[in-house]
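This report refers to the structure that appears directly beneath it.
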Amino acid sequence: MSTIAFIGLGIMGSPMAQHLARAGHEVVGFNRTPEKAKPLIDAGGRAADSVAEAVRGADVVALMLPDSPDVTEVLTGDDGVLAHAAPGTLVIDFSTIRPDTAAELATNAAEQGLRMIDAPVSGGQAGAENAALSIMVGGADEDVDQARPLLDIVGKTVVHVGPSGAGQTVKAANQLIVAGNIALLAEALVFLDAHGADLPAAVEVLGGGLAGSAVLNQKAPKMLDGEFAPGFRIDLHHKDLGIVTAAAREAGVTTPVGALVAQLVAATRAAGDGGLDHSALYRTIARLSGREETS
Amino acid sequence: MSTIAFIGLGIMGSPMAQHLARAGHEVVGFNRTPEKAKPLIDAGGRAADSVAEAVRGADVVALMLPDSPDVTEVLTGDDGVLAHAAPGTLVIDFSTIRPDTAAELATNAAEQGLRMIDAPVSGGQAGAENAALSIMVGGADEDVDQARPLLDIVGKTVVHVGPSGAGQTVKAANQLIVAGNIALLAEALVFLDAHGADLPAAVEVLGGGLAGSAVLNQKAPKMLDGEFAPGFRIDLHHKDLGIVTAAAREAGVTTPVGALVAQLVAATRAAGDGGLDHSALYRTIARLSGREETS
Amino acid sequence: MSTIAFIGLGIMGSPMAQHLARAGHEVVGFNRTPEKAKPLIDAGGRAADSVAEAVRGADVVALMLPDSPDVTEVLTGDDGVLAHAAPGTLVIDFSTIRPDTAAELATNAAEQGLRMIDAPVSGGQAGAENAALSIMVGGADEDVDQARPLLDIVGKTVVHVGPSGAGQTVKAANQLIVAGNIALLAEALVFLDAHGADLPAAVEVLGGGLAGSAVLNQKAPKMLDGEFAPGFRIDLHHKDLGIVTAAAREAGVTTPVGALVAQLVAATRAAGDGGLDHSALYRTIARLSGREETS
Amino acid sequence: MSTIAFIGLGIMGSPMAQHLARAGHEVVGFNRTPEKAKPLIDAGGRAADSVAEAVRGADVVALMLPDSPDVTEVLTGDDGVLAHAAPGTLVIDFSTIRPDTAAELATNAAEQGLRMIDAPVSGGQAGAENAALSIMVGGADEDVDQARPLLDIVGKTVVHVGPSGAGQTVKAANQLIVAGNIALLAEALVFLDAHGADLPAAVEVLGGGLAGSAVLNQKAPKMLDGEFAPGFRIDLHHKDLGIVTAAAREAGVTTPVGALVAQLVAATRAAGDGGLDHSALYRTIARLSGREETS
């Protein structure tokens, strides 16, 4: 059994920390808003008052934070993980951040005698609650091997995809595909609606062929119902596409479709829909076609 | 049992006609190149020397032709179906053509006392050979009901999506989504390759989450192997996206992502890859990033 | 002096016909709405009650019509120009139509013993009224040479750009560049406005460098004032970009930026702004950025 | 007369510094490669061995450096301008950098008792050599007023466009428009070439109407001749479009056409053409259409 400091107990982090606690590990959670630790305590964990306190005595530190600057601050700040964790501690970063930041932080951690892997997840709130996440893992073989039993507790598909940063790279690719598939589905449905097709029937037959996808299965019903409660918010997908754009530029690759999709996500946000599910891209496409959403 | 004239015995039409013949129907095939009728004869069908001869005595006429002008010619030409088929004949057009052409031709057919439905298919050569096609059906209820037993012989997912032309509209939407999903997958793989990620591992973990799709399952292996034998050719997808573009314009809808993807398909064709599988979009994306395809 | 039948006396055709009449030519005008011929009569011309009547006795027939089908109908219809004009008549088509249609019609005309050139114009209502149009001329050398004195009456820059259809091709290229330059200007101004820059000052300095253009000079003031009375309507530019799209597809060329701009023009039309000046693309870009237009 | 430290004596900075020296100012230049200072010395200036030495005694410090990190380092580094310049010194930054960086650095300068304006230029090497630059100036009124006599020595169109950072914002907008206008011109020429139009004639007539622009005048000849020696390099325009992308994202605005154009510039660079003039975008568009460049 491990002693795990879990930093970041939000919508995703809280159920993940609870799963680890219920599996018998000693989990010490920390969140800026302390009341968020309550469900973890109910699940057998403990709450700490600071990162430093959480990290003391831990052999694993797990992070689930919103963005690159948050992870950098929690790790490298004066009161952060690197300053307080014992040598040899394994840091598992579940956050979605820039690949280059992930690689740099792993180097920083190594300089302090710590080990760090990046392990961003896909599957959303439901995946976290049902311990059914897909986890894209970047890091050294031995560190990933050590982390794997813990990753298997919170995830269903856990794949080691390369060295430090590679997990973030694959997550970026995931976000590129997902946003694009959503945009294309939205265009197809607006197109079909304008032509007066039977939309549920169309979705059924599209799903049976080469157009079938997880996005079609999960997002078409939301678009047809005009029901865009998150789920995964446009604001976060916008952030992630910023990572994709930067990482593509850095690698010298061209992603024309991804770049256009990023603009449509930005437009969705600019229209005031940043707090809706990313399937709300439909609303932008419908507006561009002079149509209210289907209802 | 029906007497079926089957016009167009190419890669798709030939196995479909054979399935109908083996199911006990009397199938009379016609193809411009007569030797293409051989497999149908082996399956118990017959060959005719002209459309007129094939259509004589048929109660169902099935068409599987390359493009809108071909269907228009075979139907409305002097030696065509409308001039020679008996009143009451049911025409099933499996071809992928323009929705407006499909609707017009159905009106022409009705004026001659014939009935016509559009029934474009998805699933490719394998789907045709395995009788596992998805079929998007447009037409009047009673005509679709009559056709359904025949459609069920060649298809697995058969859905009535609206009036005449609606099948073609849904097929257009299908081609929009498929081309787009291929382009996004290509961008993601080029992005990952440039970052040095483990591509097979990345494909595995992407397939387990919201980025999963039929396109990812069927086309990622081709892209990773650099193996682009068709399958469904770029040239045909280019033709289909011309239909999408025209139909979107006609309906007054905006499909920005689809329009860009159509350009990338056109670029793939312009590069001399029109005869390759549509997954060869990967080659265009790789070239745009200054990279040879993965090998 | 020539006897000129002038078919199409709209916003553009009317002042052009008047210029020809004032220059001493015998101009017989025809318009579906007869009262449109009044200014031409005031300028010394005459009005005919039909195309056939206008064409009788003419040695030149000028056309200024909205779209390809109109030109085809007026030329090839039962009561049209080809049926009634004397052999040897020179047809000058000022309309903006498809290049392939222009080339076909020239062939049709030749088969009837007539000669035809395409001479689409740029410069708008003001250009027509001030006889300052740019004219892109396609046709045989001797026909263009014969037409040139007439073209010089209505235009300022008259250039022979190739054989029949070439004038339309260059006009299509013109419309591609103009729409794109408008879209880019709109993006730049929205970008600057969001950053709080002094917009008139910015327009001044942009105009002095490599970003300077006729579009910037003529359209930036409209965008800054939120004043979008036409000018050249979005609806017409949308039609013209349909020509560009079709002609690019036919030639096997890729115009990714043009394709995206065509989508933005379509979106402007879908938003109900089809009757505004094409500078109203600004409104679409502003909406995509969640901003009301500058006022 | 002022004593001016001029940091950065490259293709642009060197002729600008010479103009200032010839106008009678005492100019002390510094460049990492010292031999670059030779032309300035010939023009009556002096060379310093370090930023600190150049800055000592100066009442104006001018910067012309490649990118944001360079400017930050030269200003805020231990041996930098802020550490060594006398209180009250006016810093004029001619470099093209991020608007937010420009604003931050101006704040940093103010905290040290210095004043700073951003004054990026447009017009290229020829503009610098001919003292005909367009200069987009951001900063406080009194600082811009003080700088104006110096700016007028090197520029022809000098416009104060807003507070600190606004000059950079307008320069970003400039680069957005220019890259886009180049891409559109390239698409138009490839389109015309594929249709067999007379290209020089087409360029002439396009230039006379609403499609006319500085880009058409200056870049069409290069594209027609296949002559892409810089001028302004693709690599630098790529850098600048990175600034545009970041600044648009930060301001929450959507620039779909600009985003696509940035991808085409990135593709040009990826194809190995980064060292060519930005008109080499033509080569990318030609390749996407399966065509070699016109020759």
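Odds and ends about this structure:
Per-chain residue numbering starts at 1, and chain names A, B, C and D are given in the order in which the chains are listed.
In the analysis below, contacts are C-beta pairs under 8 Å (C-beta built on N, C-alpha and C of every residue); 3 or more make two chains touch, one makes a residue touch a chain.
Fair warning: this is a prediction, and the values are worked out from it, not measured in the lab.
Homomeric contact chain C/chain D: same residue numbering on both sides for over half of the interface positions.
By number of C-beta pairs in contact, A-D leads over the other of A-D and B-D.
The distance from the centre of chain B to the centre of chain D, each centre being the mean of the chain's C-alpha atoms, comes to 52 Å. Chain centres here are Cα averages; for chain C and chain D they lie 37 Å apart. Chain A and chain D have Cα centroids lying 39 Å from one another.
Within chain D, the positions touching two or more other chains are listed as 252-256, 260, 263-264, 267, 269-270, 288-291. Those residues of chain C that touch chain D in the shared complex are 99, 122-124, 127, 134-136, 156-163, 165-166, 169-170, 172-174, 176-178, 180-181, 183-185, 187-192, 194-198, 201-202, 204-206, 208-216, 218, 244, 247-248, 251-258, 260-261, 264, 285, 288-291. Interface residues of chain C facing chain B in the complex, by the touch rule stated above, are 242, 245, 249, 252-256, 259-260, 262-264, 266-267, 269-270. The touching residues of chain C, when paired with chain A in their complex, are 256, 260, 263, 267, 269-272, 287-291.
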